[in-house]
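Have a look at this one before I ask anything.
Per-chain residue numbering starts at 1, and chain names A, B, C and D are given in the order in which the chains are listed.
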Amino acid sequence: MKISFIGSGKVGVALAYTTALKGLAQEILLSDVSADKAYGEALDLLQCQAFCPQARITHGQIRDTANSDIVVISAGIPRRADEPRVMLLSRNASLIAAIVKEAVALSPQCILLIITNPLDVMTHLAYQVSGLPAERVIGMGTVLDTARYRSYLAQHFSVDARDIDAYVIGEHGETMVPLTGNITIKGVPLATLPAYDNTVITRIGQEVEAASGQVIALKGGTVYAPAASACEILGAIVNDDRKVLPVSTFNSRYKTAVSLPTVVGRHGAGPVLNIPMSPSETTAFTHSVANIKRYVDELKV
Amino acid sequence: MKISFIGSGKVGVALAYTTALKGLAQEILLSDVSADKAYGEALDLLQCQAFCPQARITHGQIRDTANSDIVVISAGIPRRADEPRVMLLSRNASLIAAIVKEAVALSPQCILLIITNPLDVMTHLAYQVSGLPAERVIGMGTVLDTARYRSYLAQHFSVDARDIDAYVIGEHGETMVPLTGNITIKGVPLATLPAYDNTVITRIGQEVEAASGQVIALKGGTVYAPAASACEILGAIVNDDRKVLPVSTFNSRYKTAVSLPTVVGRHGAGPVLNIPMSPSETTAFTHSVANIKRYVDELKV
Amino acid sequence: MKISFIGSGKVGVALAYTTALKGLAQEILLSDVSADKAYGEALDLLQCQAFCPQARITHGQIRDTANSDIVVISAGIPRRADEPRVMLLSRNASLIAAIVKEAVALSPQCILLIITNPLDVMTHLAYQVSGLPAERVIGMGTVLDTARYRSYLAQHFSVDARDIDAYVIGEHGETMVPLTGNITIKGVPLATLPAYDNTVITRIGQEVEAASGQVIALKGGTVYAPAASACEILGAIVNDDRKVLPVSTFNSRYKTAVSLPTVVGRHGAGPVLNIPMSPSETTAFTHSVANIKRYVDELKV
Amino acid sequence: MKISFIGSGKVGVALAYTTALKGLAQEILLSDVSADKAYGEALDLLQCQAFCPQARITHGQIRDTANSDIVVISAGIPRRADEPRVMLLSRNASLIAAIVKEAVALSPQCILLIITNPLDVMTHLAYQVSGLPAERVIGMGTVLDTARYRSYLAQHFSVDARDIDAYVIGEHGETMVPLTGNITIKGVPLATLPAYDNTVITRIGQEVEAASGQVIALKGGTVYAPAASACEILGAIVNDDRKVLPVSTFNSRYKTAVSLPTVVGRHGAGPVLNIPMSPSETTAFTHSVANIKRYVDELKV
């Protein structure tokens, strides 16, 4: 298994480190617009080998990603303070489109994992320009938001977070939808717990929506939860788990990439599962899809 | 963490091996009515240390289990072909009662994990004679049957078995109750899957009920699925996971030990969760409880 | 990764279980001369999936092993009490030769791992009839004896057994050679330890030579140490570790399969390393090689 | 197991993340002079719980570290551009002394793991002010430098880095001593390899000495190799491995803290092993010890 990481920023490298610790790849390649950055990060990971599962840790240009099984794209240009969002979108879009085209030409059998924001728009774009089937173009989507939701619920109800069956769906962004009905703990309805309180769930959902901003304000960026979430997707692919994760994939029904619970394995992501929603959740999800499509449409301007 | 295994039969030793592979204990002690058997098994495990997490692997008498954090009891006298079940019950009961009393006196802070059959009756008995709070006397219960149910459902629906939220509850024995309604895959209703078919669920439930007999007929005994299931319980205790598992514990509402989804952590097992049942499932569960109580009552004869 | 196990006896199945627990394969196939045995063992492993890394667990005939990445052969006919060793040799040899030819025809890119005894003779034979390069025909060799040696030394000197650099080389059998000079603990000479005593090392070497017989006498067979040892080899292959293990491979210098420290990775086993030996160790090793060759020659009768 | 991290900088938090991924603790507490930083980092780790072994992840003041089993200290004041090294030393020394006193008063049974630089001086100081036995005051020492040495040697000789038995000893700093003689690969002398070349070893030793500066120049700091190295020490303690690691501990023979191969387990670090050195290595080590002592003496000014 060769996994290439295009973009060696904080999340990309924390993800590569997690991938190495879990022994998911025999070859890990780091690439970055700054060759020095990619080289330094590769050295920092290579020096872990004495205490890690073994992998060839290398760095290089996009051309060195050839024959990757998985290509992870976290590259992106940060927004300048004075520029409108549409400009950012179009600038990152050009970058991602160019990377995707080059990477897929070099690794036509690869699975793409998209981490660059705005997540769903970039995943949609990557699907379009790659020519790959939708199931092999996977956005991290709301897996991170879902991780936060489950972790907070687990903390509140004092159970294993891995047993919490709860989802955030829709856009990985401001219109995300934490589903509050039908949450179960390993199949047992949360509502049967003595500590259950509807207002608590709503409050935790709001904390999840605020989590990214809160962590950025407190420590300057989100790093480890995104890395652990993205690595869960990588693990499901590498080990062919067929695990259910709310990744973002192009959805032919909604004509855009959007996150819903989806089976993830060595084949990629699919099928998408039908999770029940209340009428208000359906409305919120529809609104979220519309929001992603609005940005997708801007790309075409 | 010191874990002692009283009974070094096939399941007990496969469980000790799994415990060693997962690095759950720093001290593993094997005991058996046959000192040679315990010694041989301890040697076979000790010789794995070069390729395993480290633990002191020893063997000894029950007195050597002193200061255990967890005591696993799988000891038991097999049924003679010509003796009635009640005789078996009373003979194993005397043995388990004696072991429990001695073990708990030596390790008053321990958690007991009961594997000896008839499982629920022995768990009930161990609770009674130990004087320990119910949450620290845990029977393997229907964790094994549930493992089979989830594994079979996962195979049929082609998803990660660890994502299947399905339970077998009640007696670990002939009256076990596979719950067929409300099964979810990581929270998503199984019934939303295109491949879903009610009759398939019923058939898989029947296969689970038949599984133990089938494996015994084919290979002479069940070993690895029981070991993996019991080790899931040990892991939840050691790592304080607060994971939901259908262990058997004395249930004050039903006045007997019986399996229901229960939170398992370093404190032991509890609280028991309220899993929804259909009217027919409630009837079957009530019948299963009554069956366990019938054997519990025989103990008092 | 597809790993097929031909032979579903105690060691073969304990190895398949260990392989499943470690998540080394996405497909595990069990085969046995008794189809019922293979089916029962496969069910016992399949039922673990709810608590294990995911794999397709199947059973079948040798023809079902097609396209395996690794084929593990532990099949073998036990010796009848009244038959001479040569007869056993020739009977198992016919069996192994037939299995190897069929298996390699179905999986021409596979690596063979031989566990059937007499180990070195069967490895030699498998090399000859397979037509595979020597590095892809690997006998478990003295990895098991080495595991015992390191585990016992670690216990005596109270250090991590994985840090003990000690080897048993030569035949996996009565003429095995525990190397007693130059033993190090993660590179530090054992002889610098205050507890060091030459006679202790000699005694432990003798205990290793006696270990197999001792465990068989006490518990009826060796199971877990062989399984853990063989799985160390499988792990080194699957993860491409390039780990040093004393596997048995055909050695062109000695014109027979024999165990020496060898680099093991995804390519198979090789190169063989040059471990220093004292004159008496060299003599013992030469004697051990001669012993293997004597049996190898019997095959040709 | 409760592990508290005092200092939530890049290395401290990467270490806490690694600790969480490996499931080494049931409680992880982050503390920092910036309460916001500690809070943000704790949130980032807490949000991983959905995909991680379970632990209570909290943040707080040093007083909240009470009853820790292990206290990891990576806190430190960075050097101002215009201040002499002695000033830095004395400023960090005051900080570390105060932290150690407070932490040990709250957790008198704890083991201290020191990561703050200058490493050996801070470890020496922590030993002095803590009143703890030397084996429970452990500096990361040259474990990181050793990790680099082994990783580079493994890459060059194409073998598993975990099998390389090579050490850097002495000061974790400019006078570190990469031992070039007697390097073995899992006990087999490196010099027996065809690719062996004395000048290569010397060059790799020099690369190790330069590695920290190189990574800082390329990516702005060293993060993951220090985290993986420190976590190897934590793992050896938590799992009571009795693994050999070149940690820094107060050495009564040299009257200072200094790194030599040492057995690390639940008891802490000790005994120190006697690794053979060539005359020139002995000279270099003596020089390295003298260098540490020079700084230790400055502390008393």
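In this text, a contact is a pair of C-beta atoms (placed from the backbone, for glycine too) under 8 Å apart; a residue touches a chain by one contact, two chains touch by 3 or more.
In this text the structure is predicted, and so the values were computed from the model without any measurement.
Interface comparison, B-C against B-D: more C-beta pairs in contact at B-C.
The greatest centre-to-centre gap from subunit A, using C-alpha centroids, is found for C.
Taking CA atoms, the transformation carrying subunit A onto subunit C includes a rotation by 180°, reported to the nearest 5. Copies subunit A and subunit B of the same chain sequence form an interface built mainly from equivalent positions, shared numbers / all numbers used being over half. Averaging Cα coordinates per chain places subunit B and subunit D 42 Å apart. Centre-to-centre separation between subunit A and subunit B, using Cα means, comes to 38 Å.
In terms of their C-alpha centroids, the spacing between subunit B and subunit C amounts to 33 Å. In subunit B, the residues that touch at least two other chains are 54, 160, 162, 241-242. Taken together, the touching pairs cover every possible pairing of the chains.
If you check the complex, the residues on subunit D that touch subunit C are 158-160, 162-163, 165-167, 182-189, 192-193, 236, 241-244, 261, 263, 273-276. Looking at the complex, you find that subunit A touches subunit C at residues 23, 26, 53-54, 239-242, 266. Every residue of subunit D that touches subunit A in the complex is listed here, in rising order: 13-14, 17-18, 21-22, 36-37, 39-41, 43-52, 54, 144, 146-148, 150-152, 154-155, 160-162, 164, 211, 214-215, 217-220, 222-225, 228-229, 231-232.
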